[in-house]
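Following this line, the structures themselves.
Two complexes, one shared chain (subunit A), two partners (subunit B, subunit C).
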Partner chain A sequence: MTDDEIIDTINRALVKEFELDKKKMLSDAHLFDTLELDSLDMVDMVIVLENAFKFKITEEKEIREIRTLGDIHNFVIKKSNEIRKGS
Partner chain B sequence: MTYDCAVIGAGLSGLASAIILSKNGLKTALIEKSSRTAPLVRGFKREGHYFDTGFHHAGGINEGSTGRLMLDYLGISQHLNVVSSNSNYTDMVRFRDSSFEFRFPVGIKQLKDRLEQFFPGDINFINRYINEINRQCSLLPFLNLNADIKTMNILENVHGNSLADFLSHNTDNPYLQSVLTIHSLLNGVPPGEQGLNNYAYIVGPYYESVSYIEGGGSALVAAYEKAAKENGVDIFLNREAQKLIFSSSGELKGTGFKDGAEINAKNIISTIHPSQLMNIVPENLFRPSYNKRIKTLDETPSAFILYGTSEIDLKRLIGSNLYLVPADGNNFGDFSNPIENRPINIIISNADKKENIFQCIFIMICPASINEVEQWGNSIRGKRPQGYLEFKDNICRRMLDYFVSYYPELKGKIHAVDFSTPLTLKDYSGSPFGSMYGAKHRIEQYNPFPMTSIKGLYLAGQSIVAPGLLGTLISAFLACGNILGHDYLRGALKVWNQEE
Partner chain C sequence: MEPRRVVITGMGAVSPFGQGSEIFYDSLVKGRSGIICHPDLASMEGVRSMVAGKVKNIDPMIIPRKFRRSMSDMSVYSVLACQEALSMAGIFPENYSNDNMGIVLGSTINSIDTFVNFFNDYFVNKNMENMRSTTFFKLMNHSCAFNVSQVFGLKGRVIAPSAACSTGCQTVGIGYEMIAFGKQDYMLCGGADEYHPFTTMSFDLINAASTSYNGSPSKTPRPFDRDRDGMVCSEGCGILLLETLESAKKRGAEILSEVIGFASTANPENIANPSAESLIECMKKALSDANISPHDVDYVNAHATGTIQGDIEESRAIYSVFGGGVPVSSLKGHIGHTMAASGSLELIASIHMLRKKEVIPTLNLENIDDLCKIVNFVQSLEKKEIKCVLKNNFALGGVNSCLIIRSCEHD
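Let's turn to the complex of A and B:
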């Protein structure tokens, strides 16, 4: 998957599972202020990402630091790269 | 009627939650659909004997434990006689393929010593195992009042090692593996799905001390009810919450019943099965991802339960709590296995004298799936078809035979007085699936948290933290902590502890 495909997959999954407004899905969109998610949604976000990318997320600290949609994109891109290198 | 808080469901979690809130000055309504509180743990009488159902004994409520501190704080212990383990009241594990048996001592240090004595080849691992159980328990807020509530590693735990993996990587001894996995029966999670952290929450307090309550589950509920009344909780029985009500601006307003009556409360703690909560909230209240997660939570097993009497003194023969381990070990996740290949828990309750004939009372619990009785699922209690009754008789007889195959001296001396199947549990337990302990606390599953994304709506109950008396107490303190403040509530417990 290219980075753009990853971003597209993330955005589509989040729009569907969290009923988000497609137009607001910009990298600098703040999850809490702009997209109106809250900290409790983070567990479901993790599950959505795990299902979409078929990997397990154990990086508790990094997940807790996520604030914007772009942070999610970067997290998944980084993780996908690591997995690709590892395998 | 207007309250500060409403608690839905008056099981052990709901009763505890309502008492905490009321005690702290909040006007609280406790709402239960059954005609009595805590129907699951009340026990019943048959042929003149009292049988316990959903409460036999518990870990972590002995003198000095956090669980006891909670019961003290709630004003419950003063109405109870809690009898904590001594050498006569502990667990025993017995194996099919040899005369090998292992009796658990009282105390975790003593357990370590005994394990080392029985399994000298595994001393290093035993040490690691015990340390790991202690470490996990120290991380759980409310088991350890000083643990930091914000630093629980949720993701690591969900994707953690299973108990079975942890053991199989570290020891080849099948007896040791069985001894260290047998308490999986207590939270209904097979060892291959059991996370080490969740297992530790169950066995940590349990290894330390097991207590029973004089008068059993029925005395336990009576004490909870007394404390609820003393603290001013208003209990509404025969009241099924059918919907949550929201104001036009979207704020939680209360809960409503079939006849149109309502209870207004800005804070609601739901202790019903989380999947049932989803049926009483407006459809779009939660996001689709949360909806899906809660509705598809994997359930703990159901059970076949035999209520029996024995002409032989089982207390003397066995002790108080026996686990029969089949030849293949403790895996009870596969219900295509005949019952003879499933581990079984036998609880020996107090002896009775009836018409001057000695009778010892026991309860046998065999994990089962609701699918095993699915074909009779639509029949009505009291009017079930002949096929079902024959099936029941057959399993009942085989369970007695199972017991006898481990203790041949019991042949002809043990008798079934009553027998229940997963259909019975479905009728009597709070779980829509007839499961014993609600949603499974297993690896790779995210159970719901005590807080929800809806302001004022909180969750407590066995599906949230852990099943059992201690699990429901902790879940109640966590849910109420969201309303009263966690630091405040944990502080109140600590102060209570010092003053006592």
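Let's turn to the complex of A and C:
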């Protein structure tokens, strides 16, 4: 999966789960301020991402540092690369 | 403190006829049935009753996701019904102080569909990785009540009593007393339930569900009819907005009716079978609370679900209290038993009857059972001035409740 495909998969999964406006799915979109998600949504976001990419991220410390949609993209791309290299 | 007079200024309904109290009432007047043959029941081994009432033609998506994510169907029904009640009363967030507006809203059981999804993961998939953060919120016993309070920003009391079929009547009574004694200024009151075949199967098991009309669902239930064979489980939500007479007059709100009496009693003798003596006691207490006599009541809206014994006991009880003159009908022939919603939904219909000066007959009552014949059953739409209505609700677990409303005479 290319980086663009990862970003597309993330965006589509989050738009579907949280009924988000596709036009707002920009990398600098703040999850709380722009996309109006909250702490409960962050819990569900982890579940959605784990299902979409088939790897566990619940215990990852970096998840707590995520603020923007771009942070999610970068986190998942990095995680995918680590898994690919590991395998 | 002298009790304050309490009036109803808004009402909202979600029923098997769709969304809205006008659609609900119009369908009742036209003698429509909201009962269908339910495919899930028809395909289940060992089930004899295959009929049910299901809510249709609603749009949950009008509720913002932020709120909707913690709602099962019954909370969706509740929010839609409350929206209608508040709108009818002319109460909007920007023009009222929500500090002293509360809600008393309950359901019979939790959302079975939500439980099914959880236990499918738990027992079948043995995998909890798909469980969402809001699952628990959909299953809390006060789910309907808190969801409404969140959507409309209520800051008063949030109370969720549960007494099965008595819930909708009890909640209005509780709200009435809170306002009468100055504890709250506005209360949204009612009951809600969402349908799951579990309910039908439970009543089927105890021989209380209708089983002979699976091929002609609109012919059942048949309260008080010779050929009745049990109840039909259904779903929905009925909401009434209560406030003081003084507040309604000050706001210039249209007063739909006044709540004047309430009683709730228990029958500790049997958890499933109502007794006439127990029902008589409850109706008498409600009359006493309203400080009126039986001849002041112009119409009795019966609980009558269409069970063999329940309808006989209620007929005996009504005759004992009122004699054979007062008009009586049950609305469950149209919509089935909407469980926790039945008291408040049927109260909404009773308020419409009171205001439109007409009495709706019991649908499917074609041949009155000889053992029920002692009271005056309405058998066709009757134009009649009714000023005072007594509403009955009797629940599994032996919980009775009666509410009395009348046209508001405040000058």
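Throughout what follows, the second predicted complex is superposed on the first by the 84 of 87 C-alpha atoms of A that agree within 3 Å, B and C clash if a C-alpha of one lies under 4 Å from a C-alpha of the other, contacts with A are read in each partner's own complex, and residues count from 1 in each chain.
By our rule, a contact is a pair of C-beta atoms (placed from the backbone, for glycine too) under 8 Å apart; a residue touches a chain by one contact, two chains touch by 3 or more.
Values in this document were obtained by computation on a predicted structure and should not be read as measured data.
By the touch criterion defined above, A:18 reaches both subunit B and subunit C. When the two complexes are overlaid on their common chain A, residue A:71 makes contact with neither subunit B nor subunit C. The larger set of touched subunit A residues comes from B, when the choice is between subunit B and subunit C. When both complexes are overlaid on chain A, the residue A:8 reaches neither subunit B nor subunit C.
By the touch criterion defined above, A:44 reaches both subunit B and subunit C. Applying the stated contact rule after C-alpha superposition, one finds that A:59 touches subunit B and leaves subunit C untouched. In the superposed pair of complexes, A:36 makes contact with subunit C only, with no contact to subunit B. Applying the stated touch rule to the two superposed structures, the overlap between the subunit B and subunit C interfaces on subunit A comprises residues 18-19, 38, 40-41, 43-44, 47. The part of subunit A that touches subunit C in the complex is made up of residues 18-19, 36, 38, 40-41, 43-44, 47, 50-51. Looking at the complex, you find that subunit A touches subunit B at residues 16-19, 38, 40-41, 43-48, 56-60, 63. By the touch rule above, subunit C contacts subunit A in their complex via residues 65-66, 69, 129-134. Looking at the complex, you find that subunit B touches subunit A at residues 153-156, 159, 287-290, 292-293, 446, 449, 451-453.
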